[in-house]
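Right after this note come the structures.
What follows is chain A paired twice: with chain B in the first complex and chain C in the second.
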Partner chain A sequence: MNPSRVLFISLIGFCSVYCITAFAASQEFELRIREHLFYPSNLEVPANQKIRLVIINEDATPEEFESYELNREKVIPGNSRTVIFIGPLSPGEYVFFGEFYPRTAQGKIIAR
Partner chain B sequence: MFLDTVILVLQEILEAALIISVFLALIRHFHDLKPGSFTPGHLWIPAAVLIGVSGAWIYAFYMPDITQWFDYVGLEIVNSALQIMIIILLLCFCYMVTLERLEKSPRLNLLVAICLTLLVSLGIIREVSEIIIYAQGILSNPENYSPVLLGSLIAIGIGASSGIILYYVLINLHGLWGLRICLILLALFAGNMASQASLLLIQADWLPYTVELWDSSALLPEYSVTGQLLYALIGYEANPSLLQVCVYIGAVLLILTSPLFLLSWRYNNMQAVSNS
Partner chain C sequence: MADGLSIDKVYHPYVDALEKELEYRSIYPEAQSRSANPAQIHKLSLGTSFSDHWFGEFYLVGEKDRRGNFELEAYELELKWQLSEQGEYFADWGLLFEYENETEADIEEISVGILSEKEWGRWSGTANLHFIQEWGDDIDDEFETAFAWQSRYRYSQALEPGFEFYTGQTATGLGPLVQGAINLGIRRNLHWEAGLIFGLDNKSPDQTFRFLLEYEF
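For the complex of A and B:
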């Protein structure tokens, strides 16, 4: 097989894998911030699936969702909502916290 | 509150402080190698800080709207666009600064200086906007005024001192190796930007998930002091994905194959010494 054909086929392969992963429907979960606390503070999600995490900040003050384990970081302005995609996660616990109020805003995502 | 502020502000400004130091040391070493070459003057730093901080105010002001763009992933898209622009400007810098015409053309010299100023100010916009958002929220309670102000001042002090220490370490490196090490740090900085940009696009689901390549969080946690320093300087991640590592290497290679880097290897130490 000539090299350009190999390249072409692998490109098609890559694109289709990309499309499948990029546009696969992801399950949605919700996390609320109220008085610098996360509700629920323990969020159970299915393992090995991409998750669309909707975070609603009910406080007037902004917060920053941060997790070293999940490799995620995002500012959420006061009284607004945002979306973060996470996973697919291996089964286990993933700690997250609010960087602006780290003493109170703590929680974890439990992937089962 | 005080300690939280110190940590948060320091995390944000450390990267900017370190990269300004690398550029200052690089320009100085490059001057030793090619006297009469690129001279940006000293105004570019205050200009970059001014543009960066005012840009950060505007960005912070519109952040609630930007958050809602592209189905609530607007922040990721805008932030990654800023980082990609930084890489492009960095490449422009590495290509233009070696041009022979630069010595005779003040206009070209000015263009390179603008390029440098812009790339540093873009970095500042993203980092400082987060500090502004944080301060706006936390200062809604007047009790927090003095701990936040004091914490920020101390963080700025530590950040600036780290930058100054790095600068003196870099300019004291001998001969061509000084320039080479500055350029390697610049390449790793580009890698850091590319890796962060790809991470943001993965977070926004604009780029696909790829497997985690390693997990060194037990060995060197990202939240440790060393982890934070390495994150600011070379983009250390304890658990990066395959895609992040690929774009990191790609961006590093782009800088390592640029004329400025190649030039620093074409010269030998004898030439550098005779020039200086």
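For the complex of A and C:
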């Protein structure tokens, strides 16, 4: 096949998948970082659903939400917010921590 | 490398803000009777994120031939653009832009790669599709494509087994991979990968060993 045709078909396929999946809805939850602690430290979420987690860092310093169990790591600059998407999760507990302040910034997501 | 080995590394479509990394990777293809492939390829790079969506990296590429001569062959510039948040859509997406210039020959290469990753529980699948244009006085101008796939099982942070598939102009191969990461302190990690890729056709080395060590800080 002509290389330019391969490129064209690939880009069309890529754009189609990107656009089709661009409007997926999910339930929203909030997590705050204050004085290097997560609030709430235990966050209950529904199992088997995709979750939109808004993380608000009220500290002046950056923090990184990290969880191997959730397969997520995301830096939140000081005095700012970010969104991460997790799930659908099987019922259970998923620990997370702040990589900049791991001794204090700890918590878990409980999927029920 | 221009017209170089298609077996190298599978890129993930993610960028970690405020991260720098020092990476060393090496590739050891078995000798082939039909082509004078290098005995070893070594890449050393320094990279930094510019934001939570852009990451840039500069590489020095060296080769050791079958007679034992080692030379600096090329330098490369890479720019990765994370297009979607992890888990936001059906799959995660990114783009990789690369420029390579060989030091000993008039050969240049530019490429664009589509990076995609999808999770299935503890399994992750990553696909890279690269579109490559080569030009220069020492090479026939040509357009080529390359594809790579990696599946890995997230058993633990220290050990993730999986397998990889590569296909391109110079090789097609499949083989096992192990990788892991060791935490060295606050925002300091050592990531490693080792893979053995078995050639699936006559143009490919029978075996290619690849190794990667990455210090993230």
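The criterion applied here is as follows: the second predicted complex is superposed on the first by the 88 of 112 C-alpha atoms of A that agree within 3 Å, B and C clash if a C-alpha of one lies under 4 Å from a C-alpha of the other, contacts with A are read in each partner's own complex, and residues count from 1 in each chain.
One rule holds for everything that comes next: a residue touches a chain if its C-beta (ideal position, glycine included) is under 8 Å from a C-beta of that chain, and two chains touch if they have at least 3 such contacts.
Keep in mind that what you see is a predicted model, and the values were worked out from it rather than measured.
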Once the shared chain is lined up, is A:Gly78 touching chain B (first), chain C (second), both, or neither of them?
-> first
Name the contact category of A:Ala60: first (chain B only), second (chain C only), both, or neither.
-> first
Should A:Leu43 be classified as contacting the first partner (chain B), the second (chain C), both, or neither?
-> neither
Which of the two partners, first being chain B and second being chain C, lies in contact with A:Leu31: first, second, both, or neither?
-> neither
Should A:Ala105 be classified as contacting the first partner (chain B), the second (chain C), both, or neither?
-> neither
Set intersection of chain A contacts, chain C complex versus chain B complex | 17-18, 21-22, 50, 62, 64, 68, 71-72, 74-75, 77, 82-87, 99-100, 102
In the complex of these two chains, what residues of chain B are touching chain A?
-> 4, 8, 63-64, 67-68, 71-73, 75-76, 130, 133-134, 136-138, 140, 199, 202-209, 217, 221-223, 237-241
Residue numbers on chain A that touch chain C, as the complex places them = 3-4, 6-7, 10, 14, 17-18, 20-22, 24, 50, 62, 64, 68, 71-75, 77, 82-87, 90, 99-100, 102
Using the touch definition up top, name the residues of chain A that touch chain B in the complex.
-> 17-18, 21-22, 26, 50, 52, 54, 60-64, 68-69, 71-72, 74-78, 80-88, 99-103
Footprint of chain A on chain C - complex, ascending = 16-18, 52, 83-91, 93, 114, 119, 121, 124, 129, 131, 143-145, 154, 156-157, 186-187
